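Note that the chains take the letters A, B and C in the order they are written out, and that residue 1 is the start of every chain.
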């Protein structure tokens, strides 16, 4: 139920729109794109593969966003502690340069309501 | 491997673990359930428990479709394949699961035509290549896998391929979570939600867990950083006394789910009024069967199925382990009568079953392991 | 069927059933080859059977496996193969060109490995038995000077060396069967490891405690066997274990662990710590040894088990398999 791997679309078939060849570090397999027919991937797109079917497109932007959030872990905390050291406990909705708009699913460290 | 290695970066894992330790209130004991067997497997495979403070307990949930399959259903599938015209196909996960007369692999050794397939589409192809045989696909899985079975059946119908049928054991995740929360001896603080099921059903189906049960849910990916970040998310919510659904696995999971997948499922499947879950008992509206319009491709309609109920030995405490009430090693049979080599219950057979995972990856680790971790 | 896969069930079959009935001395640990002494003349002898489907695959065929497998069993026991005899069990109806191809492959492999095929036997069985062809070999050789292999000499602190990337052979075979519809630019790693073993003997001989070629059941099975035989623990560092990208990709896709996958051209060596550098150096400089790595060490704990650790501090036990590794989707 859960084993799904990211693969890159490396070949499409004009006469078979619901089929593609995906590549996972050199391993290739034909997969069925039927579940993505509302928004078919193009060559170069990354998709999540499960039992020979593409389940979802992978958003590189979201992946980068996630990595940024994780890298900022601890840094915002350190920054917060520094700020608190100056007596500025209330955050005023502080935004860091790294992530001006926290996305709904990922909470920025230190930007919690407790500081409001 | 892109979109994999980044989420296994050692420094970030260490950083995220530190954040978890910072967030965990030392006066509190947290019980977080990961619903999906794939998460259970990942937790053991990556040794994530070693990174958590002692007051965070991970409870393994019932999201293992092999584990919850009653033995009688395996017997039924194998009974169909006793017919020499039938080729029994299934995912590798099913091959060692014991029925009362042995597992599919054991039946293969005794002469049954049993083949592993990676995809239901491969089972269909087998039917195309063997017009004089009947290919039966033993379908298992939650909503992650059901759409692929659905598309395959739609294709079989479109091609009018009659020597193919599906023995459908697809189950749905929400009723299982409900059963866990309804259980009287249950105490879960938060959930790590099934990331791949959610690529199909989206995040809305979990909203009642937050609204009605007041428990945080982080829909999680399967890499170490995903799972750890999900724990960070639910800890933050618990700390702030909040309960919402968060999509940790944003790069893959659409909040609204996959409409095409849901359409395919609706076209081919309907909910069974009830279905037996091994260890959990009968749960209503929790499993799928083929619609009447697909009767011809339904193994249960094409063939006579014994339909015998097989009860598990009373000593096997699979139910309690499935619900997270007992840890695997607390079951009396664990490691003695019940091991991966000779499993009594299904939690020991599937590699993502909590008992097998615990047995294979964990239970011989000694207290010295934490110091060993700094090799070289 | 599980009894043939090289893991727990195989071990029980050999130790539980065969050993007490067949072997005169039960005190010697079971190794890849037997070292015998006939009034001062030391001979090493080994026997093996080869069953593979498909017979022929990228990188080789059953004939090469048979020769290299025999040479390797002797090599890791500390002996240089000199000669072998071969038995073919052939399925009736096997096309002659296929048999010719295998015989040719064996001849070439034997020449390449420097071993003489001194004789053999053939049997034909009914159609439907023998999966086209089974090959059994018996190889003899002479002990390599400077090596004394004995699992009982393994100590905590010893280093574990691996000669090169793992999983190539098993994954190649899996893909070659065509059932999974996966393609990759992979080939079997079948080769004689004798030159590498000889290099090791020359530069680090006195420090080499134990060697094994991790065939069916993979590195995990070989090291678990060692851990049980010497009642010590083996701790591996995951990031040091060499695995080719394509093997990794196939394993991720299929839910397999490279540590359980068969190899036909690699070996493991346990080396005393003071010889470890020289040993690794010897391997990396020898032809075909450039990917050799130190992958872990022997510890007191976890006794009898193999632990794999990660750089970030997580760890997991890796056990022997029961039966063959199966792809999973969960």
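Assume a residue touches a chain if its C-beta (ideal position, glycine included) is under 8 Å from a C-beta of that chain, and two chains touch if they have at least 3 such contacts.
Everything quoted here is computed from the prediction, not taken from an experiment.
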Between A-C and B-C, the pair joined by more C-beta contacts: B-C
Most centrally placed chain, judged by C-alpha centres: B
Centroid spacing, where centroids are CA-atom means, of subunit A and subunit B in whole angstrom: 23
Separation of mean Cα positions, subunit C and subunit B [Å, integer]: 35
Distance from subunit C to subunit A - Cα centre to Cα centre, in angstrom: 41
Residue list for subunit B, restricted to those that touch at least two other chains: 1, 4, 37-38, 41, 64-65, 91, 118-119, 122, 141, 145, 352
Residues of subunit A whose C-beta touches two or more other chains: 1-3, 5, 24-25, 50-52
Sequence positions of subunit C contacting 2 or more other chains: 180-182, 245, 248-249, 252, 255, 328-330
Residues of subunit C that touch subunit B when the two form their complex: 1, 8-9, 179-182, 235, 237, 245, 248-249, 252, 254-255, 296-297, 299, 301-302, 304-305, 307, 309-319, 322-323, 326-330
Of all residues in subunit A, those that touch subunit C in their complex: 1-3, 5, 24-30, 49-52
Complex interface listing, subunit B residues touching subunit C: 1, 4, 10-11, 13-14, 17, 37-38, 41, 44-51, 64-66, 91-93, 95-96, 105, 108-109, 115-119, 122, 141, 145, 224, 340-341, 350-352, 360-366, 368-370, 372-376
Residue ranges of subunit C in contact with subunit A within the complex: 180-185, 245-246, 248-250, 252-253, 255, 328-330
Contacting residues of subunit A [partner subunit B, same complex]: 1-6, 8, 24-25, 32, 34-38, 46, 48, 50-53, 55-56, 58-60, 62-63, 65-67, 69-71, 73-74, 77, 103-107, 109, 112-114
